[in-house]
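Chain lettering (A, B, C and D) follows the sequence in which the chains are written, and residue indices restart at 1 in each chain.
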Amino acid sequence: MKSRIRFLKDLDPISLKDPILIQGLPGVGNVGKLGVSHMIQELKAIYFAELFSYTFPYHVLVNNDGILRLLRNEFWFSQLSKSGGKHDVIFITGDYQSQTPEGQFTIVNMILDLAEKYKVSQIYTLGGYATGSVSKYPRVFGTATSLSLIKQLKDEEIEINESGGPIVGASGLLIGLGKMRGIEGACLLGETSGFMADALSAKVVLEKLIKLVEIELDLGPLAIKAQNLTKLIDQMKQKQRHRPGTRRQESEEEKDDLSYIG
Amino acid sequence: MKSRIRFLKDLDPISLKDPILIQGLPGVGNVGKLGVSHMIQELKAIYFAELFSYTFPYHVLVNNDGILRLLRNEFWFSQLSKSGGKHDVIFITGDYQSQTPEGQFTIVNMILDLAEKYKVSQIYTLGGYATGSVSKYPRVFGTATSLSLIKQLKDEEIEINESGGPIVGASGLLIGLGKMRGIEGACLLGETSGFMADALSAKVVLEKLIKLVEIELDLGPLAIKAQNLTKLIDQMKQKQRHRPGTRRQESEEEKDDLSYIG
Amino acid sequence: MKSRIRFLKDLDPISLKDPILIQGLPGVGNVGKLGVSHMIQELKAIYFAELFSYTFPYHVLVNNDGILRLLRNEFWFSQLSKSGGKHDVIFITGDYQSQTPEGQFTIVNMILDLAEKYKVSQIYTLGGYATGSVSKYPRVFGTATSLSLIKQLKDEEIEINESGGPIVGASGLLIGLGKMRGIEGACLLGETSGFMADALSAKVVLEKLIKLVEIELDLGPLAIKAQNLTKLIDQMKQKQRHRPGTRRQESEEEKDDLSYIG
Amino acid sequence: MKSRIRFLKDLDPISLKDPILIQGLPGVGNVGKLGVSHMIQELKAIYFAELFSYTFPYHVLVNNDGILRLLRNEFWFSQLSKSGGKHDVIFITGDYQSQTPEGQFTIVNMILDLAEKYKVSQIYTLGGYATGSVSKYPRVFGTATSLSLIKQLKDEEIEINESGGPIVGASGLLIGLGKMRGIEGACLLGETSGFMADALSAKVVLEKLIKLVEIELDLGPLAIKAQNLTKLIDQMKQKQRHRPGTRRQESEEEKDDLSYIG
């Protein structure tokens, strides 16, 4: 067995009401992971299962308390229906997404097995769309596996991804393979520079998502992170303007300053 | 299961009359895919099965309507015998061919399982042969797995590939492994620069193929594509001639202009 | 079967008293392998099993007598309890550690199967932590899979690895996967330049280890190796100081001199 | 099944008298393949089986008659006992040796299955040892998996490989894994520049081999090839000496001239 899901809580499938699945894994601008992690925290989701895989790299992580642990993907749930929500939600995030086709296909299929077990009706995946430049008003692009979902995306003024271009990684595969099992899905991609973990992009993606799936969510903490990031970028830009030096030097400094902010 | 074929139509094997298989996948100059796609369109072939594989890369595509789909290879059929043709034909094309030995061997064997199921008697694979320079009169090279087919290729003035050199990818493997199962095959390679999707090369390959397998086919639309491509190349060359600049600059521009035209 | 363990002695599991497992494989500064090899020699451990694997590279080694042998990992045991020790010990070292995720996970799981068979209660893995510069007083960093072990590490003044950074290779995976089977473990990493097989780093790691696991061990031979290495480095540095030449030349010489000393 | 052996002749295992196996595959200086191919030709060996593998690259070859075929390893036999020889011989050569650990281990084990079936008592593998410079009197190095064979190698003045260094590829693995099955073996490596297919190195290896295994073999044709190669190298060297030009230019030309001669 190359990958396995370990259940930490014996979550009875019938205990979830019309659940949907929302996935955000590390990727471009870390948009997906930032977004889903924020939802997990704000909605007080409960950690109930974790996935380990031979297809992750052969290293381990050390927690703040010095405890070593394996790389993993994480499964959390929130029974939003209990407080009047339309759907219960299963969230997926994690340390890593596999960088091999076999790993991606295997893990995505294990996630879909779990989705079927809990009778998930829809899957939403979040990610980033790298443009190479910082935008103060990042757009949200979308694609889906059904025309009815495409229509809903358009109703929320999400720009439909009509380029025919490829979407790389788990956020595309999960809904592509999900459709083969009769589960419809949509993928929302936030515009991002690709140079940093982009809280602003995560925020605009969540703004669209929560309307689509009718979830109430406080975006305040993410907005603050996004503002701090914007300030940081503005400060870096001002410093550059006031530094003496040849144009050549400035462009080199800019390159340094705009390196990845994790 | 790393790869699987999904049938969209329940095509009864006995409903095909003496079928042959014609394959053209993405590759050098996209000659094979262009050729087979043209046949599928002109012969009003019917889409009946699709192959998905873990050995394809882990990305997905988005259609013009915004609908996301998995990478796939496609199976189409044409009952040409109903309008007096000698053979019914199964066509194979797709988004991608695997870039690993295991992927190639696995998929080719699944295609051969399908070929055996439908009692395919011959396999023709189409591809490109890169020369690095644009030719107005591209040649067609051939190889086969039986001396009788070699003779037929020579009769059609196809140049026999006697170099002993390797043929890379599915167009070689499919007929090589096909022979192990008692299905004879030929591989036709159109001369191409390798710098662009080459409709002219696809056209000359099809001219030879349709004589070999006695299929009537309108090559007009492909000829127009080829003419447009030729005009485009001529225009680019003229522009270069009239541009001022040092020789060094010209050669750099030429390099840019001759980059891949998809 | 991609990997297998061959038993050279029929070591009855019940013959070992409360065994612990200590692993040191080739890696950064070769710290782990040097340390465990020293323990094997000083404690007169007995060679009882060896592991071969498809996931090792496809080369073989030649012994001093001209005899060719496969790459392998080695299993040794020492019945320290017979001379009053608290634990019997199983040692693991070898020629190589796999450089693929699948190889690492497979082999680590086979080692854990063996550990379970012999009812191993704790696993200690040794390795190096590369800093890029030579230290005369290398530190020892530690991580573990239980808070009680973390406490013991702190009691021995081992610096707890709280960075959250990754630990690459078998020394992390073995205790990470071991915990999944209910075997607690710790990983000790000796500070090392990373430029040479570092006997001094191995010595300081063993100094900490033998207190943790209450083993008596003569570190004299390793101390001599470490002194010789230190002298060699000092000599190299002095030579550089007394050599005439521009600064540029000196820095190039230094680079040569500090290349890996195996 | 990732690899398979196809039998072309139903060679009864009991029909071979005390067979030994001699393998030479493509590799350094092509020494092994040149040597074994020469033996196959001179000893009129019979082609009886071929091995195909998913672990070979995904290309095919075209014969001189235009017929396409898969990459393969080849099995030939010679009943030398019928003309008074001490052993019958199974030869292995081929187009390719796998460049992945899994491919190498899998194929070598399939060859050993065949060796066991035919009750092979000894395995000899031939290869090249690259030194980077052309020698007129190339040496032969040897290693083996038993001390009795090491003694025989020494008796034939083969230099025993005592460096402890690795031997890469099938010539090492076959005898290393063979020993695990109780079949002893030796590996003979001819000194070679590594820049060309080296008939002289193949000749000196065969001179040693045929004494070890008591086979009569005409080395004349190989000697002629070796002389032609030596003449060619001498001519190239003389040309260089007589060419005008700066030292820098000469060294560049030499580099060109000494590129691989296949």
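Here is the rule we go by: a contact is a pair of C-beta atoms (placed from the backbone, for glycine too) under 8 Å apart; a residue touches a chain by one contact, two chains touch by 3 or more.
From a predicted model like this one, the values you see are computed outputs, not experimental measurements.
Asks: What are the mutual neighbours of chain A and chain B in this structure?
Replies: Of all the chains present, none is in contact with both chain A and chain B.
Asks: Could you work out which chain's C-alpha centre is the most distant one from the centre of chain C?
Replies: Farthest by centroid: B.
Asks: Counting shared numbers against all numbers at the contact of chain C and chain D, is it over half, same, or under half, different?
Replies: Under half of the interface numbering overlaps between copies: different.
Asks: Take the average of all CA coordinates in chain A, do the same for chain D, and state the distance between these two points in whole angstrom.
Replies: That gives a centre separation of 55 Å.
Asks: Once you find the CA centre of chain B and the CA centre of chain D, what distance in Å lies between them?
Replies: Going by mean C-alpha positions, chain B sits 39 Å from chain D.
Asks: List, in ascending order, every residue of chain C touching at least 2 other chains.
Replies: none
Asks: Can you name every pair of chains that touch?
Replies: A-B, A-C, B-D, C-D
Asks: Please output the residues of chain D touching chain C within their complex, sorted ascending.
Replies: That would be residues 98, 100-102, 104-106, 142-147, 150, 153, 160-170, 172-173, 175-177, 179-180, 187 of chain D.
Asks: Chain D touches which residues of chain C in the complex?
Replies: Going through chain C, the ones touching chain D are 2, 6, 52, 54-70.
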